[in-house]
Structure formats: structure tokens, C-alpha cells
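Notes follow the structure.
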Amino acid sequence: MEVIKTDFILNTVRRMENDQSKEFSFGDKKSLVEKLAIAFINPKDFDKLNLSSKPNLKISSNFGIIIVKGIADEDVPEGTVLMPISIWSNQITGVENSELRYKNMRVDVDITEEKINDLNSLINKIKEA
Amino acid sequence: MSKLIVKNGIVFDPINKIEGEIKDILIENGKIVERFSNQSDIKEINAKNKTVIPSAIDIHSHIASQQTNWLRLLGSKHKSFQEYWNNLSLEYIAKAYISNGYTFILEANVYPSLSKQTMFNFTQLPVLDKAMLLNVSNIWALELEYQREMVNEASTFLSDLLLKTKGFGFKVYNPFEAENWNFQKLRNDLTNKGRLFNFSPIDVYEKMTKYNEALGLPHSVHVHVEGYEQSYAEENLKLILHKIKSLNLISSKSNLNINRSQIFHLAHASSYNIDGDNSGLIKFYNDNQEFDLDLGFMGFDPINPLITSDRRLINSLIAAESPFKVITTAVESEGDTFSTLRIFNKQNETDCILWANSLDLALNIKNMWQMQLSINFPNYSHINKIPEIATLLLSSNARKKFLENLNKEFVRNNKLINNNKELTFYDFIILTRSSPAKSLGIGTVKGNLGKNADGDLNILNINIDEIDTSKDIEKIKNSLKSIEYVIKEGKIIKKDDSIDITPNGKIFWSSGTFEYEDKKLIMNRKKDFYQKYYSIFYDSLNTSIGNEFLREFN
Amino acid sequence: MKRSVCSGCSLLCDDIMVKSDGIYIDEVFGACLKGKEKFDQVTSQNRILSPLIRKDDTLQKASWDEALQRTVDLIKKSKKPLIYGLSNSSCEAQLKGIELAKLINGFIDSNASICQGKVLDNAVNSGITLTTITEIINKADLILLWGSNAAESIPRLLNKVLFSRGKFRMTGREIKTLIIIDPVKTASFNTMGVRDVALRITPGKDIELIKVLKEECCAADSIPSEGVAGLDKDDMKRLLQHLSGAEYGVIFVGQGLLTPQKNSNLINELLELVQMINIKQERGRITLAMMGGHFNMNGFDHVALSMYGKRGNLHFKDNQILETDENIISKIENEDFDCSIFIGTDPISHFPMSLSSKLAKKPIILIDNRNSATLQLASIVLPTTITGIECSGLAYRLDHIPIELKKIINPPSKIPTDEEILNQIIQKLKSDGGN
Amino acid sequence: MELYKYLPKTNCKLCGKTCMAFALDLLQGKVKADDCPPLLEPKYKKQYETLKELLGSEEGVEKELRINVDTDLCDGCGICVTICPVNARYCPPSLSGKAPDYPPEKHQLFQVKGGKCELLELKYCRRIEAEGRERECRVCETYCPREAVKIEYV
């Protein structure tokens, strides 16, 4: 299948149900992945990317790459990816001029069959970096 | 227990009518005593040929409210502010006050909703004793009580408010100014009813004076008249003074030994006569002993922070294209405030007139006990200017010298240069020590070196008897600039250059002596009001400050 | 059944009712889900109940004395310690935090600096008009949510400011206009009525909108006919009409406005716009309110201001405060630290990967009450009480009104408060002979 | 103008007015849905039922009012508590957006318990006890940010 690469704007948000600081639970890493390793996109983009064919989104910015689950959400405007603020979205946010950049960033979005990064791998990545 | 004797000092203690007597002062357990309970462990300070005076009291300052924090924020980008005011940090304020001989400060403008912040700051403000006045002139919960005279209701509520917030008294300041939601349209006449309320500002001044006396608070109502530093102020002030006079009230505390005789305290009185003619005000004060005022000296500092609720002043400052920005806050329907920075200029005629007004009042009002020296810290001056201000009061030569650097136009027009009157050192002690204590109603323990008073005193390295206070101005200035000892409750707080800021000061508070049988009913009504219109419950105003910080005073 | 204060977010609702026997919390009335979750933390399996020390790359339980000693040893070795957090602590603890920073020549800052504190920083340059909630309840007729999803970040905010019936706004919701400027259709959009205005702005274009509004404020008709930032001309006109026609408008500044956009100072522009409208306005005024996330976001600002005249970024050296342009981000970015102390915060979850990895290289001391991503990397973990439930203290509401938090229950197994922990560290450092 | 959507929109004037005018009268309770003859035809059956549901059960007791609060969605913001006109009349704190006292007032419809909205006494709801236009009240449903409150007739 043809790979579609599209320019998107990334926005990070804190929604009631995806607040990492509350959700974090050592014993239940699965629910953490379910609630945080996700990205919302407009259904039209969802179709355009043919996301139903492959399960996951690969989002890459100047600062890094992350693989998360894509979810269609009508409330998100076209051309925007919305991610809950968490250790997952932190992989692609960064620092510019000593200020945090975590909203309105240009990102590339791609579909992929690669697995979603789990928490331990991200923690290890931080440790080893 | 701790005992301290200050031996052979030349004592000035106006409350006890002591003027330059050589005397020992004995302090045991923080209080002045006639003789010690036993003769062991007595610390002795030899004050021979030195002058012993009570510690000074500031009756009007803005040092621990939320607005002071906005000043600090604004100042954080101005180098001159940081250098001259040292960021206005609490520790710096305390040290500056102590080094000028002060041990009691009154924070004159606190909104009840923000009183917890002031209390918290008070606990961080070392050594100094302090108290705060609540600004209630805009509180909606008193709407009915301002419309009609309801002494029982108002006094019950106000008393409870003081009990909850641990306030000391009340300030009235621009009543119902908050009704003007915008910045431009302002009321011209104090007798006009409010846009949204069925009463006028003058009603608030009148009712609050009555309620304050009904409550029997140590201090009288503390008043600021709107439109200060503007031409409106003079008319407004006249209107208020005559209105209060027509009430024929007497001070509820006049039965005490060291009483407060005033029913009305006017804050920074220098700022109401922008034309420089104070004769009307002086005549009124000479004729009416039940009023008093503080002088509001201006010090021409490099930069001055300004906290005010006066829109007119702020509008005029903005109109003059000030380089300084304004932080405007509206507090819980209790009033609006503005915080900004400003510069007083010796070459500006208006600024010079304001400066001269204080001196004019101080020299021409006959009764020293009717006046207190204040600098509206930090609005008008830095506390470090006190020695200089002292010389201006004590010496006409010093005054003339100071005038040389002021605006020429001002010097030509002002009568001050022809006034050769000079205050005595004793007068100066009244203005800075005894009179503020009396006006605040704390004369029994502060500003007083008699038996049972707090052991708060200064020792100046100068023999007042041997110098001419109007000639040796440098000596006077130096002795006040570097006070040798500052003693608070028997502890040496300052000796020469070292200042000890470890002891805690006390927060003075009072809820008055008013009792009413239906208190519960009235309070329930007020609580309902809060429940309906306020973002917090009335009970949430309750402050749980530790008892070790508090000192009740009735 | 006792009335208490909720420390779930910076709204600090004082109207919640808590049913408790002093040991457990049985039921909470009036608090929103966010508040309820705060109460649930007390018995959450996420709770840390014992000090932890990293040994052989795993966190192991330790005695309090051992953990404290290790903490002090670490701090003593450190030349450039970093203290960060404290927005979930009481003002009393924040005071102790600053005292500790002073003692150890450290750099201290709170979460506010990367959040709402930026608005105050800009107020120094352009002035600001602030307001409080009682004012909004009774006077406001225009509520503008700009880049903020109030309905989810501070659930009860709209309830209090938009749906309440104030003294001069007796008809409540009917008389208040709600404007939302947000690229995403958030839950707050559902609270809109027919007369309200929803502006789905193009992401990252807020600055263009503000600039055009500023021009329009000076000279009429400078709105380009094709519209700006994804909004058409009519939308812009309506927005401006509402802003300049409101008797008492309040703009809630959300996270969406706080991130830098195209190297321009967006907040400064916004503040200038508000000042311009206010000077032109004849009927009313526009005010600003900030929406902090943590319950005591504003507290640190006030404590630091009254102690040192600075809002944040306090850098101590030899008991003196240093002038510094650095902030917590630049400190970490430049690796200008050798040990970090986090109090009640979870930076690994909030900071980008580039910063997290730098933090992980140096020892981390964590003072917190729950498991977090930061805990996975910490060298020492000191458990603490939940302020507002297990200990009392002063906090500042989002509109800078001080509110006293109340203690409802005793903490489990005598865990100390933030204030006590910091004090213990300070005392131990002092008795061990400083750093 | 939700009601207009469900009318036949034929402008047949059998009721004596246009469909739009009829919808307005319907809203004000001047006419009943049954006053529109075409609406009673079988092809409009579904619209007729929806309309009846929207208008409430003023004409009979065949359907019972339910207010469902989806506790999965609800975040306890308390907007329904504040906005409900019945609550506002009997609980003064809710005027300023505060949570009502506990135990709840007799007439109180909603309270927030454990971070979720809870329906207390449906029988005081305006849709049951009020007259005229007030019967059309559905503010709790309209303004719920999480769309958790649903007014239904079953």
C-alpha cells in the first residue's frame, strides 16, 4: 500500500480522562497505554490516512518520533493531531529558546504496523539517552 | 527571667509628661517596672549623656497586603527600585523600620478577603509588632447598614469580621467606587447616590464613624478621602469633616487614662490641598480637637511604589504618559486597587506643594497630639528619610537649605520660606511616638515609658540637653540615622550596626467591646448574604493564625 | 458531615461537604470528579507509604532516618542543586522550600513559571487588569475562554462564573455571553447558548487575531475581508463588538495561549489589547483571570515576592539572591545542575524527552505522595501527606484569593507533611555542619 | 427552532397558519401537536412521536418523564445543580454556583455526590409541576458540558 505522508499540527491537551498525573499506576500499565498512548484526529484525516487498514500512527517532529494509537474524533479540526500530555507526547515535544514547545507544532503523521511504545521502554530510553 | 536596666539616660516620655529627666528605665519580662522582683541577672546599659525615647510607631503604611506584592513584581524590572527599595522584601522592610527606631507598624489597607495573606506576611515580618485595618467601604454585605442607620446589625457584623480576620480597625476609602466598573466616568459629588446603590459615599463616612464608636475599638475610623492629589480632594474633605463634626460624637475611649480623643483619623493629610493653601484645614483642626491626622511626608526618593484605590490619581498618572505600568485588581466586591510606580520630582511644582503641605500642617496645627508623623510608606517616602524629615521640622535653617533645590516657581509662591517656627525635640517625640500610640489607642503599652508599658525604647547617642536642635542639625540627623540601641520588650534588637531579627513580633487585634443579644440572628443573615453573592462562605474568612503571634487589645 | 476546602484544582471550592470519621473519608458532596479523585488518592494503590532508596537500580523500602540521611548526604555533595515543584504544597511548605534553597545555594522555582506565571511576568511590561470570582459572579456579562477548556481543566469554574446568578446579573446564564476561542471543539463548547460565539481558530494563529484586533481598535475596518486565522470577517466583528461592548468582561487565559508562537510575545500582545480596549471603553472593562492547574500555583509567586521581590527563578549564592535570566528549562537544558529535588510534581511526565533524559543523568530526590513517572527515575523518594486532606495550610486560588485548606483526616502511618520534611532536611543540614 | 424540524413543513394551512407560526405557538403551549392534521397521518408517525417527546407529556400520562444522568460521562461540574430553576428557588447557595447544603432541600432535583451528579426528586421538576412555557424547561440537558444529562419519556 502507498504510504501517505501528511503535514499536521500537533496540539497537546489535558482531558479529564487522559490526565497522566492521575492515571499513573505502577500496577496497571495497560490502562496507562490505553488512555495516554493515543492521538485524536479528524475522521476525514482518519480516512485519508486509511488508518483503519493499519492500527497505529507514527508521529514525528523535529524533536523525536512516537508511535501511538490513532482515534477519530469529530471535534478535532482537519490537519490537527491532538495528544494528551504524557510521557508519550513528550517524545515529540521539545524546547525552543528556553521555553517549552508543546502546542501548535508541525509534525509528520504516518500509519504504521509497529507496536506502540510501552512505558518501560520509554523510561529506559530516558535513562539511557 | 530577663531583666534590663537602662541607666542614667535623658528620658523623653511625653505620655508621662517627662521631658529630658535623667532617669533609669527598668524592664522585666518585656514590661517596664518600677523595681525588679529580685536583683539577680540584671543586664545593664549605661545611657549616661544619651537620650532615651520610646520606640517609634508608624500609623499608616502599606507593607503586607497583596498589592505590595504587585509592587514588588512591577519593581522587579526596574533597577532603581531594586537598589533603592531592596526589592521591598519583608525582611528588608523590618530591618529598615528597626534601624529607624520603629517597632510597631499599622498596615492601613487590607481587604477582608485578602486578610489571610496579610496575616501570613505578618508572621514572616520579624520583630515588629503590627496590626491591620480592614477596608470595608465597599463591602456589599453592609449595603443596608450604609443606607439606613443600623448600629446593632452593623456593629455585630463588623465585630465578628474583626474576630475572624484578626483585624485591628477599619479604613474607609473611596466608598462604593467599585460601582464604576469602567475607569473613566467618576463621581464628582460625594453626596450623589451611587449608580447601583441607594446611598451616597458621604453616608458611608458618616455611618462608619458611628459604627466605629459604637464598637468601642482602640483606633478611630481611619479615613482616606477620594480624589487625593487632585483638585477635587479639598471640597470632598471639607464636606466630610463638617458632616462628621455635625454628628457631635465623642470618642468611646475618652474615659481611659491615656485616651484617644479623636473620632476621626485623616490619613496622609498633606495630599488634599493641591493649591498649597492649608489654612482652612488648619483652622478646622485647631477648632475641633476630636479630629486627628497624619502628615504624609514626601521624601523625593529616586522611585516610589504606589498603592492606591484612587482612580483619579491613576488616571492622571496614566495621562501623563508614565513609563510605569499599572496592575489593577478588583477584589471580591470589596474594592479596586491599583499598583504602580512613580517618581516625585523636586522640580515639579505640584510635588513640591505636597511636600510643603506636611510641614505647613505640622508647624501650624497647635496641638501636637492631633498629629502623627507618617510617610505613607512606601507611597510617599522611604522610612530612611525620617532623620532628614526630623531636621526639617526642628530647624528652619534646614528647611531653607532644602528649599534651595526645589522648583523655583514653587519657592516664590509658597509661604513656607517665611515660616520660622521650629518644633522642639519633645514635639518630635510626640509626633513619631506618643501621638501615634494614643491615636491607635495603644498608648498604655506603646509610645510610653511608664510602668507596665512594653519595654520598647531607643537610645540615641546624643545629649539633647547640650545641643541646640535648630542649629546642630547634623548631630540630630546622625543620631537618628544610626540609633545606638533599639530595644523591644527588653531585648536588644539593634545595637549600632547589628540588627537581630530572630524574635517574633505580635499581631495586635481587636474586636471591640460591642455586645448584642441577637448576634446569632444577624450573623445568620450576613452568612446567607455571603452564601448568595460571594465566591466563598463567610466562615472561610476565618484565619487560624497561631496564638503565639496574636495579642488582643480592647 | 463537615464543610471543607477542595484542593483538587486551583479553584479551591470551599463549599464541599465531607463525611468522615477522622480516619477514612466516607463520602464527598459537591466536589467535582477532579476533586473526588484527589480524595481517592488517600487510599489509592498509587500512594507511597514508605521512603524508598534506589539500590542496585531498583527502589527499595528504607527507614525514614536512612532516607533522610541519604538525602542530606546527596544535597551536601551537590554544588548546584535544583528545587522544583511546590505548586501542590501549602504556602508554609513553599516558604520552607525557599529556606532550603537559600541554605544550599540552590536554584528554586515552581510550576507556575512554565504556566500562568508567564502572564504576570508580562504584566510588568504592559500592565494588567485582574479580577476575582465574586466580581465575575455579580458583574460579568462576558466570559471569554481563550485557549482554555475550562469544563475539563477546572470543572466547576463555568458553574461558578457563567451559570451563577449575581447581584447585578440576576438572570444568570441568560444575560452572560460566552465566547470560546479554541481550535478544538472541547467540552466547554457544549455549555454554549444561542447567542454565544464559538470561534474555531486555526491552531497557532492567535497572535494574528490579536494583532488585527489591536489595529481594529485603533482604526476601523482593518480586518481583511478574507478573515484572519481561520475566522471570517463577521466572526471578528462580533468578537470585537462583544469585547468593546461588555460591561464587565473576563478573559480566561488558558494553556493554549501560553505557549510561544512564532517568536512573538503573545501574552504581551494580549495584555496590550486588553489595555487598549479598556482605555477606549466607556461602559465597562475587560479583565483577565488565569487558570492554574495545580491548586497552589499562585502561592509560590506570592511567597517568593514577599520574601525576595521576585516571582520565581530564585537563585541563591552565599545567602544572597543572584540576578539571573535563567529559568528551570534553561537550567536543565544547559545541564547547569548536579542534583534535583522535586516536590509534589512529576516533571518526567510534563517535560519533553530532551529535558527528562538530562534530569535522569543526575540524582533525583522526590518528595511526593504518589507513584509517578518521575518516581521510576528517582534516587530517593520521601512520602508526604496530601495537603488539603491530611494537613492544613494556606493556598491561593486562581484569582489570588488566599484560602485556608483544612485537615480532614490523619495521614497514614504518621507520614510527615511537605513542610515538616523540608524542615527536617534543613535542620539536619544545619546540625551536620552545612554544605 | 427544533420543533419546526419535526413538522410536515407543507404550509397546508389546515391549522390556520404557516408551519413556522404553528411551531411558535406550539412552543408557547397555545396549540397542541394534535392540532396539526397532517401530522397525524401515518407517514409522519415518527416525527409526531419525537415532537410529543420534545413537548413533554402534557396531553396525557401515557409516558413518564425520566432524567438520565450518565455517570460514566458526568464529571460532577454541578452546572445542572446551579442552572436548574427549581434548585435555584430553594437552595440559596446555588445562586452563586455553590454546592447546596447537605442534607438536600426537599425540592432539590440534583446534587453532586462522590464527583458525580445524582438525581434526587424528579417530581419537583418543572416539566411536571410548572405551567405553560416553563414546562418546556430542559436547561440541565442543554448546558451539560459532557452531554451526560438526557431528558426522556418512557
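Worth pointing out:
First chain written, first letter: the chains are A, B, C and D, and each begins at residue 1.
Convention: a residue touches a chain if its C-beta (ideal position, glycine included) is under 8 Å from a C-beta of that chain, and two chains touch if they have at least 3 such contacts.
Everything numeric here is computed off the predicted structure, so don't read it as measured data.
Contact tally for B-D versus A-C: the pair with more C-beta pairs in contact is A-C. Taking each chain's centre as the average of its CA atoms, chain A and chain B sit 59 Å apart.
The distance from the centre of chain A to the centre of chain C, with each centre set as the mean of the Cα atoms, comes to 24 Å. Chain centres here are Cα means. That of chain A falls 40 Å from that of chain D. The set of chain A residues touching two or more other chains comprises 16. Each of residues 533-535, 537 in chain B touches at least two other chains.
Multi-chain contact residues of chain D (touching two or more other chains) are listed as 75, 93, 95-96, 98. Taken as a graph of touching chains, this assembly fits none of the simple shapes: it is neither a line, a ring, a star nor a complete graph.
Interface note: chains touch in the pairs A-C, B-C, B-D, C-D. Remark: chain B residues 64, 66, 68-69, 72-77, 82, 86-91, 113-114, 116-117, 120-121, 124, 140, 181-185, 196, 325-333, 533-537, 539-540, 542-544 touch chain C in the complex.
Note for the complex: chain C touches chain A at residues 33-34, 37, 45-46, 114, 149, 152-153, 155, 183-187, 189, 200, 202-204, 255-256, 259-261, 263, 293, 326-327, 329-330, 333, 346, 348-357, 360, 370-373, 376-377. On the chain A side of its complex with chain C, the touching residues are 9, 11, 13-16, 20-22, 24-27, 63-64, 74-77, 80, 82, 85-87, 90-91, 93-104, 119, 123, 125-127, 129.
Residue ranges of chain B in contact with chain D, taken from their complex: 528, 531-535, 537. Across the complex, chain B is touched by residues 92-93, 95-96, 98 of chain D.
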